[in-house]
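Next come two complexes built around chain A: one with chain B, the other with chain C.
And now, the complex of A and B:
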């Protein structure tokens, strides 16, 4: 029985460090190669020694696929390819290829330069690693080798995020990466055709949430910003450089434009500028509106949003500032926060999730007195708002994708075990397909029932279909023909042709048998009687 | 043979010397199929007089029989169709010939073209039932053809010409075309998606011509909703809609449980489902049709606005509900805290259906669709449904107000118009009014004017609301002086609609500034300032 084996090295019943091994029809593919935000020791990278105990990775893996540029999906790539050693192809989409090295370099800087870690990958390693990358277009089928082919589908989420279909012969697996089924201000919704894969590996970050309309959140957000600015307060929006930041920028930009507002909006760090450049470049990956209007005006060329300078923070009057990082744990956003926290007219809006222990998490949970380094106590008087602009599919979105793709099996990764359990139950109930949720290092085996393609000669097909009256798709049809198995291929031809091809003469088998008849009459009379009997 | 041809040519030349003869000579001269094709093309460009049509048709047919090249025959067949369209010409004489040629034709393309010609002939002779009968029979015979093009045309023909009146000429009907619906229905499962589409279209055509479709088709049509091809799904959505209008009250069972619901509700749920289809063509189609399903039960209708929020296995209130609650509890401007939307009431895990009930949140999906075509369709549908149901109008208000912030101007404009149409049924809450008024600052004039019109006929619930509107409008007056006329008109209507609410404001307004008195109800000439 042919089978597909899936082993998550990361992201199995967990969020972060996405890395999934798939063996399909003798081919081994690694999906994503991410790092874990929560750890700083060996656990931050997947355990690649699991793949081969002592052999070379290149010999074992046929290819590596990276779904998008978030570090929990690509953060371990240089470590994997340069330090562990892998020389095979790495596939990702064009925008991912462009943005990924920027983020990796940033990550490296923080770990090595700021935290002073040694034994980490170097800039050169990132460059070498990127040389192994093969970029793919949407819906382009890439032959990795003669049998293995991959194809990218649009996934929303962030610029360049893609879902990948991995196909060997008739067996196929779809890996979604992270995706979003509701379009946002700059990206469209994920889309897949009815490819009916044997297995769909889906993320399940929001396995138990069904979100309400995005528009409420947008309206709330705009209203809060507007009110604060009108009051003369300053708004701080801590973001990660890519993804949500762009969406919120567009949101504010269009709002400013429409309302003719004058308060300045600033955007911190050079990293983001570089990223915005790529957003301008890959306009085809964005949504309908931006694609349609970019001839007149590129949405990412912000009129109202300017680069931020440290000195601006002390300027009087209202302003809106986007600053990195998103969880207020370090860097510019924290500096600005400290400056502004004392004034109740100001506001901080957290647009995303915050990990426990960060300043962001503390203020969101209602803490008003923060102990900063150096024992000083910071009193937070500014308003604190939380607003979820996360770009993952909610439970309904996940179900919708399953309905679109019609897989035979579903496997959940990238989510919390308890929530997965719930969704798993729902999926099984709704679609009557089996659903799996392996933990890290646990192997799931799925038996497939691949159909074997047989070439049929046109003459035979026409002759046989002509016999039946109404062709009925639903029913199997009986056919007469000869099956030739030759050179690893199957062909169905008419018997005559088969004989000719194989150079065989036609033999007729005649079955005879002897029957004793007790009959008193004469011989020819008996014969005649039997003959007449048979004739009758 | 040659002589005979000359003879006929001569005879024709006697009566109508121009067209037909020239064509005939040309065709005879043609040595290769390509030449003949050229001549035919030239001929097709010129109009033909009514008197000469028949002659031309004869000549064409003659050549048709002789011609070996399929492409030329194809052209002739299409010419025949064109010619029979000529006004004043009765094509029944060539029908027999066309049917005869059909029988001997081998090429699928030519067959399809001939059937098309027959369709044209048939549509010209709709009053003649026996002709129609015969054509339908011919079409049924060719339904088994292996080419999708031919089957397509056959179905089209049946759809256009199939008998609509029951009971007329029963004995004839009982033979080949015994039940057109059944024949077409069989092709819902054809292996070719184009034929499936044609079958559904034919069914719709029958409906348009007045035939009452059988309810049995409903279950078949439902299966087609899951088809792989978007054209099929799109047509199936239409068919389901038609059926739901025909049999709104009949009862259908829900599979997997032994409950039953009204057909229109079931259909509504199914079409809602298609609003989240993979193809945007289908989504637009579905969203549009939703608007015209007014018989649907109100609880189904209301479900379309609720995605049934749940968080961590528990029910979570929607932001709209929260907004309402905040409003009613008086602390309107208080911010939301982290974890404020933490779920409160327990909900039974089993009772939460993620997509089963279909209708769930259809409009939420439709209104935040990626393609603005879908969004516009959804807004239109909302409008139509809200016009017929005041309670729904009340509920969908929040969503409509949200649409005022859409990226695309067309959508914003559409939603403002929609709002105006349903304004009789609704009263704006203060927070909603806030959003509406925010749009006043829009830099597009169309939008502003539409909004003024909207404000002319809205009901506002509180005195503060009115005040807000006034202040905003007057602010607007200074910002966009070009809008003067429109704003004055708006103020006037706003005032006369809310006399009781404006009354307490009058002293304040009068003391602030003398020209603020425009909104006063008894002041019917606002132009005096």
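And now, the complex of A and C:
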């Protein structure tokens, strides 16, 4: 029985270091290659030794697919391809290919230059790794080899985020990566056609949440920022350079313009200007409205938002600062946080999900005393707000996607076990399909039952369909044919043709009987009657 | 020309590039066409710009009244030369309007390169990069067993668009080849060089340069060449003007289609930098763009200068003003780069002209040398092309190299001619459900060849065929109410299998004896044998390919004999 095997190396009942192995019809595909933000040791990367003990990864894997540029989906890629060693193709969309190396370089700098780690990948390795990347268009069918094909769909999570369909023959798997089913201020909604995959591997970050309308959240956010600025406080918004940052910038920009506010908005340096530039060049990946108006007014050219300088943090008076990274685990956002945490007038707004172990996660769970490096204790007096702006589908969105794609099986990754359990039950109830949620290193096997494609001779098919078109079309008709199996090819032909092709002669079988009829009528009348009877 | 086919019966229109969609509103808005149009995103966006420019230029010069009486054949015959010879004037139509353009474009489905699009389950179409313009495509139309490639407007030169995808054209049964270069004798690279040097010379002598062009396409390459050329040629102070209602949009759009550009330009976007250097020309104020000659342009206008504007036919658009403004001075130059119009015809109404005229047609589409290279590469079974490609151009009848040369010779078509492709479909794909496959009993007939008889229910949905296990015959209905159940049971016409093989007489006789026929007698005949069962008064004629059983009025015996005979034969 043909089967599909799935083994998460990361993101199995967990968020972070997404990495999923899929075996389908003899092909092995690795989906994402991420790092875990919560760890600084071996656990930050997936355990690639699981794939093959001895022997090269290139021989074992047919291709690697990266869904989007977030580090928990691509952070381990240079380590995997250059240090462990993989030379096969790596597929991602154009924006991902453009932005991914910059984030990787940033990550490398923080780890190696600031934390002083050794035995980490180098800049050159990132470059070499990116050379193995093949960029794909949306909806383009990429033929990885004769049998294996992949196709990208729009996922709407961040710029260039994609869902991927992996197909061999008539078996297929869809991997969603991270996706968002509601369009936001800069991206459109995820979309997939009714492709009926054998298996849908979906993220489930917000498996149990059903979020209120986006509008309410936006109003809330603006209100909080406005209040803090009015009373002279400073607002820190830790973000990742690309994604939410742009959405919130557009939001604040329009609000500032409408309310005629004067307090400065800063965007932490380096990456961000560049980041906005990417949005300008890849505007075809944003939502309809931005795309339509970009010639008149490019939404990513901000008037009120200026570049941030480290010295500004000590300026008196209100200000709003977007700083990276988004989980307060390192870098500029953490520095600013330490400066402002002591003042209750200030506020930090966490607009996205925080992985366990990060400062962001700690303050969100209510911790007010943090142990920093060097045993220093930091008391947090500033207000801490959480606002779910991260562009993940909520429970409703996940169900909606399942309805769109109509998979035969569902497998959940990228979420917390408890929440997954809940969603799993819901999916099984509503769609009557099996739902799996393997932990890391645990293999799920799904049996598929593919039909067998054969070639039918057009003559036979036409004859059969012609009969089928007679009065009662709906009524099923039985058809007869002969299947010729010859070195792995299957052809269905009419029996006559089969005989002819194989050079066999037809054998005729006839019967003759003598029937006595007693009939008083004349001879030829009788013959006529019998003839008419037979004809009838 | 629409009388040839009823456009409302057309299901799908595939668009190759933005130049090939200028008549789309006529089809979608006037003919009852209800199908789908497929095109890539750049094709649609730039096509919209071209149409917008066209509509804008035409509407800018409204005509108080339009004459149509002259279109009458009798009247036309009496008119002077060019009008007299115009063909099909009755078909000439008024230009469409912007609402019609929008309506037409809203009917287009966007597709990406290498995207497989299923049409009605019967065929699959795929656009491939053709290398000619932003988003330009060749199309593959294929079913499971047949593959037709439509190659129109392709280029093997490296300009700004993504290079042509040749590999995917391989194994075509039929390759339709059209949209070759208009000027097979001119080398585009040389023409660009000539363009630059003529431009520089004129400007240095204090003259102005006019370049009639489309608002998208070759102009991007020209600007890029000039970008590299102006500093070395000492032209950095000369203003470049690009005047078109869609100039700004065209320049902006060119920067956002990174995915449709050639490799070099893509890498620039990854940096991130704008892919085309005209962004820098605009930033440094060397290139300025205006929607029309009115407004800002009249304030900024400085001479000498270089003006890019449309329409390349010189019949409408802002180019007309410049022709009249500059035509009288020998210092000025008009440089023709678009190959679609004869420059002599274009200039005719402006004669006499003091202005210099330079003809540098830049046509990057395939020339005949490239065609033969391409055909050798992709090896199609048949080539189909317009008739004019199968003979040298009429003006250069000795140039036998200016025609398509391939084996087998190409099939040509003429306007309004229907060509039947020499290809016969023989097979189609059908799927056998796993349950049915399990129930099949294959029989090895010859080494390596097995046969199995299939009796199944054929389901056809969306042109996909599936064979399913026939449903079990239902229990005979117990009451009359349940009679409707039988609707789902297929009509079973009794299966009458074909038989094959021959009957070895000796073994047959042995079998008969085993089954209780004691008085079997065999007679040899010319063609075979006759087996006599004396007691049963039955005669069996056995020949190589036939068996004839003559038995009187004894049905059980007949059935018994039939079964015995069938044992020796193969059924299909």
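Quick note on the criterion: the second predicted complex is superposed on the first by the 404 of 536 C-alpha atoms of A that agree within 3 Å, B and C clash if a C-alpha of one lies under 4 Å from a C-alpha of the other, contacts with A are read in each partner's own complex, and residues count from 1 in each chain.
Note that contacts are C-beta pairs under 8 Å (C-beta built on N, C-alpha and C of every residue); 3 or more make two chains touch, one makes a residue touch a chain.
The structure presented is a predicted model; accordingly, all values stated were derived computationally and were not measured.
S.K.: Is A:526 in contact with chain B, with chain C, with both, or with neither (first, second, both, neither)?
M.R.: neither
S.K.: Contacts for A:98 in the overlay, against chain B (first) and chain C (second): which applies, first, second, both or neither?
M.R.: Touch status of A:98: second partner only.
S.K.: Touching A:464 in the superposition: chain B (first), chain C (second), both, neither?
M.R.: second
S.K.: First (chain B), second (chain C), both or neither: which does A:211 touch?
M.R.: first
S.K.: Using the superposition on chain A described above, determine whether A:274 touches chain B (first), chain C (second), both, or neither.
M.R.: After superposing on A, A:274 lies in contact with chain C but is clear of chain B.
S.K.: Scan A:444 for contacts with chain B and chain C and give back first, second, both or neither.
M.R.: Touch partners of A:444: none, neither chain B nor chain C.
S.K.: I'd like to know which partner A:111 touches here: chain B for first, chain C for second, both or neither.
M.R.: neither
S.K.: With the two complexes superposed on chain A, say which partner A:335 touches: chain B (first), chain C (second), both, or neither.
M.R.: In the superposed model, A:335 contacts neither chain B nor chain C.
S.K.: For chain A, give the residues common to its interface with chain B and its interface with chain C.
M.R.: After superposing on chain A, chain A residues 465 contact both chain B and chain C.
S.K.: Any idea which chain A residues touch chain B in the complex?
M.R.: Answer in residue numbers: 182-183, 185, 188-189, 191-194, 208-220, 222-224, 227, 254, 257-260, 287-289, 350, 364-366, 383-387, 395-396, 399-400, 403-404, 419, 422, 425-426, 430, 462, 465-466, 469-474.
S.K.: Which stretch or stretches of chain A touch chain C in the complex?
M.R.: Residues 94, 97-98, 101, 135, 137-142, 151, 274, 277-278, 280-284, 294-295, 449-458, 461, 464-465, 468, 475-487, 491-492, 495-496, 498-499, 502, 504-516.
S.K.: Provide the residue numbers of chain B that touch chain A in the complex, in ascending order.
M.R.: 144, 146, 186, 189-191, 228, 276, 278, 307-313, 318-320, 323, 333, 335-340, 349, 354-356, 361, 364-365, 367-372, 398-399, 402-403, 405, 407-408, 434-435, 438, 441-443, 479
S.K.: Across the complex, what residues on chain C touch chain A?
M.R.: Going by the criterion above, the answer is residues 41, 111-116, 126, 144-145, 248-249, 252-253, 255-259, 266, 269-270, 272, 274-275, 425-434, 437, 440, 442, 445-446, 448-460, 465-467, 470-471, 487-493, 495, 497-502, 544-553, 558, 562, 565-566, 569-570, 572.
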